[in-house]
Amino acid sequence: MAKSKYEYVKEFETDDRMLRNVYVLVRIDGKGFHKFSQTHDFAKPNDVRGINLMNHAARCVMHELDDIVLAFGESDEYSFLFRKSTDLYQRREAKIVSTVVSLFTSAYVYYWNDYFTDLKRPLYPPVFDGRAVLYPSEVEVKDYFAWRQADTHINNLFNTSFWALVEEGGLTPKAAEARLCGTDSKDKNEMLFTEFNTNYSKLPAMYRKGSVLLREQIPKDADKDAIIPTLPETLPGSKSAKVVPVLDTAITESGLQSGPDPISESV
Amino acid sequence: MAKSKYEYVKEFETDDRMLRNVYVLVRIDGKGFHKFSQTHDFAKPNDVRGINLMNHAARCVMHELDDIVLAFGESDEYSFLFRKSTDLYQRREAKIVSTVVSLFTSAYVYYWNDYFTDLKRPLYPPVFDGRAVLYPSEVEVKDYFAWRQADTHINNLFNTSFWALVEEGGLTPKAAEARLCGTDSKDKNEMLFTEFNTNYSKLPAMYRKGSVLLREQIPKDADKDAIIPTLPETLPGSKSAKVVPVLDTAITESGLQSGPDPISESV
Amino acid sequence: MAKSKYEYVKEFETDDRMLRNVYVLVRIDGKGFHKFSQTHDFAKPNDVRGINLMNHAARCVMHELDDIVLAFGESDEYSFLFRKSTDLYQRREAKIVSTVVSLFTSAYVYYWNDYFTDLKRPLYPPVFDGRAVLYPSEVEVKDYFAWRQADTHINNLFNTSFWALVEEGGLTPKAAEARLCGTDSKDKNEMLFTEFNTNYSKLPAMYRKGSVLLREQIPKDADKDAIIPTLPETLPGSKSAKVVPVLDTAITESGLQSGPDPISESV
Amino acid sequence: MAKSKYEYVKEFETDDRMLRNVYVLVRIDGKGFHKFSQTHDFAKPNDVRGINLMNHAARCVMHELDDIVLAFGESDEYSFLFRKSTDLYQRREAKIVSTVVSLFTSAYVYYWNDYFTDLKRPLYPPVFDGRAVLYPSEVEVKDYFAWRQADTHINNLFNTSFWALVEEGGLTPKAAEARLCGTDSKDKNEMLFTEFNTNYSKLPAMYRKGSVLLREQIPKDADKDAIIPTLPETLPGSKSAKVVPVLDTAITESGLQSGPDPISESV
């Protein structure tokens, strides 16, 4: 039969199973989201619709893939942490990465209109890419999330200051950039407070610290404004109905500052 | 600054650039599309709306990624062939695979309503996965596509026979399966002709041979019914306006039976 | 200049640096050592000259490569454990594996005549191959060595019984094999004791438990017969003069039964 | 039994089979051979004993591994080209690289005294490392060897000039280096001819062009001084008795300048 004659081409496929018993971290990034956010008039410095849609898409990923124990999102990126012992798709790298990226993208387009209610669908299909990174120990995983959260803080403080200068202060983007050049965090906080009457530390935690997705429990000290709008607990097509809240929490070298420690507790 | 302290975690990322000067083949597959097609009442054995949506999504991928020289689709899978010399994303595997999968998924959800006009969006977000395979020579690439097309033929002849027995012949699925057990291609052709008045070779080429996407030229002997419904030549968000027709053509060991030879001609 | 024109071929080299912060285990194996040991009339079941030469070659490897914290040898194989934090050759896999194999092979041929004193050099050049395996945690590393030591025990008890039956009992190899078929450890111990007046547990530890190489300290309870013949502490060409003793020790799930714990203590 | 309990550690071994149907090139390099050649008083700029020993060791590798079709050596490095279709060790990378390196090292130590007749064995065990590179097409393979041969030429012309200035001209190494700084090939040829009465192009081809090892035929125009001293055609322990001559030949983009073309002819 014709089949057998050609099937040798399958032998060119390689085995891409990842090392066992190490954490698998999949990070996705929006492609060309600077342009995408401009085209869709995202509010500056943060568009709550866009953030909530990202969080919703990430929740869909966690609903489908039970071995993800923690996710963290900021701007147009999201990081998903799989438990060390996961045997999802026998740990095949391309399968895991492509499934996470496809799930996320699909949900982003699918739920678009639930957040951007005045536009049936985006003006063109958005695209994300992804990659996997292996981390052997808790230390690196916690430092990874601490790194992403530090990045969120730095970017958001800059963006908040920049757009205050431009939108409220009437500066040109160029002038705003020049004004911020060489300033440190303290300078920016001071400027926001004295010139724009903004207490940076009172801005929504989700802007300042990014979004953390966990399974099941809501820690008692969770900041209310950090919780994404309630969604139907059973998403269409999802396998489980677990609640996945978003917390206001710092991720430090000793893990999540409040609540459970999904990194240390997962096996 | 906090950043530098944690940035060592980036060193755990590995270099996944693929060998140079070999063909890169990315194949995507629908996840759980048996259930997906049932949930959405896809016509059996072929749903023209579903096939056209797959082809449309694949065209979007080719519009975005100029180094794809040929694509082939059947059922819920699509294969994309990159030219040997491509340096897209420095040939990083995860980046290439995840981008193709995300583009395809995004377009599939985005254009859903253009083909399934009575349903605003699917009942739940569809998901695809993907993988890359490297092929050193034309021989393997042509055999790869010949393999997928032989697979299309075998599956479609079986499905056509099966659903004729069930939908027109009134057999139960179990009885239909039993009836087909042990039959070869000739038997099935004969049965379709004598019992269901169906000349298999006159069925649309797209069903029998899958869909081939090429750049630019439409070979003069292309079967009309193999061409997907005309689409706006410039897709929103795409970089180029190249025409990407779908041909009725066999892919054999000597390449495409008719028209240009994008495999041999690409570098 | 001619050089630059061709240097693009270097771009085909791939980056094979291994994941950081996991244990690197390099295991080497003799190629065709069944034939090699027969050709050189190795004593059966154990040739003390051959074992000592293996141990000597392994010591040379440890003398050269400071990041090896533990080595274990049995029969014609040797395993070398690198500390998790090693940055030797930037953790490039081929470089590390090939260097270990070359060092070992070179020393084996070089020191041959010191152990096989009646033969200037082997009758033909011996060959070893090697591979690297990554282990994320102490648990797997300890189980790895426990696995190799269990293997040593099983093989040595079988071989001791087999050669007793052949050399002292006068059985043919075939008959000896038949006699041992289906016996367990207790049966073999019993047979050695009653028929050949051999108390298996009193045989040299090096035969029963393989050879363990550690750095620096000799634990106080080390069995004397487990220590390899004294060698000049500074090997020619070696970088350091550390003493590398061989112990009589069991490797269990909790590490080395006696003495220091180089696995847990290394970083 | 104890064995099964621990055998899970085998699952951490990864599959390192290399892509099929591409050339496999293994290159080995001496480690610390600057010091090694000084310690053993190698003649400068070329030590014929050292080169012949390298060639002998490389011949042993080719005798053992039938799928090597061509080898090229210069200084302390040697490159071995495997046919595209080789299935040696199922193309496992670590196995192939480590075997080549071990074979070479073993033979180098083993045959040392046949070339360095006044020294029973080297003063310490020499070490080589190795790596594999994949090349998809003849073009890259030929350019690879052309690259190594261009390197040989450049280095040898420099070294010949440098040692003429030092050993015959009485300059210090520093002064010789200064004298050569900024000179091109023509300048060096001229200097050798006018100051040291040396016609560079008449020096042994093996020095100027490196050593090429082929299987079986000696092309009729082979330069006599390029052939290594006759060796017993059947090496101890080797599987075959094929003659492996060394040629005086240039390797250009169109392959070997004279004689057969093992690159194009191998499959």
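Just so it is clear, A, B, C and D label the chains in written order, and each chain counts residues from 1 on its own.
We take it that contacts are C-beta pairs under 8 Å (C-beta built on N, C-alpha and C of every residue); 3 or more make two chains touch, one makes a residue touch a chain.
Just so you know, these numbers come straight off a predicted model, no measurement behind them.
Engineer: Going by the stated contact rule, which chains contact chain B and chain C alike?
Structural biologist: Common neighbours, chain B/chain C: A, D.
Engineer: Over half of interface residue numbers shared between chain A and chain D means same, under half means different, so which is it?
Structural biologist: same
Engineer: Looking only at C-beta pairs that count as contacts, which pair of chains has more of them, A-B or B-D?
Structural biologist: Higher C-beta contact count between the two pairs: A-B.
Engineer: Would you mind pulling out the distance in Å between where the CA atoms of chain B average out and where those of chain D do?
Structural biologist: 48
Engineer: So how far apart, in whole Å, are chain A and chain D when each is placed at the average of its C-alpha atoms?
Structural biologist: Measuring from centre to centre gives 52 Å for this pair.
Engineer: Taking each chain's centre as the mean position of its Cα atoms, how many Å separate chain A from chain B?
Structural biologist: 31
Engineer: Hunt down the residues of chain A that sit against at least two other chains at once, touch-wise.
Structural biologist: 12, 14, 19-21, 134, 140, in rising order.
Engineer: Assign the assembly's chain-to-chain touch graph to one of these shapes: line, ring, star, complete, other.
Structural biologist: complete
Engineer: If we count contacts the way the header does, which residues on chain A are in touch with chain B in the complex?
Structural biologist: 1-3, 6-9, 12-14, 16, 28, 31, 60, 64, 93-95, 97-99, 101-110, 121-135, 140, 143-144, 146-147, 150-151, 153-154, 235-237
Engineer: Inside the complex, what are the residues of chain A that reach chain D?
Structural biologist: It is residues 11-12, 14-15, 17, 19-21 of chain A that touch chain D.
Engineer: Would you mind writing out the residues of chain D in touch with chain B in their complex?
Structural biologist: Touching chain B: residues 19-22, 84, 134, 136-137, 140 of chain D.
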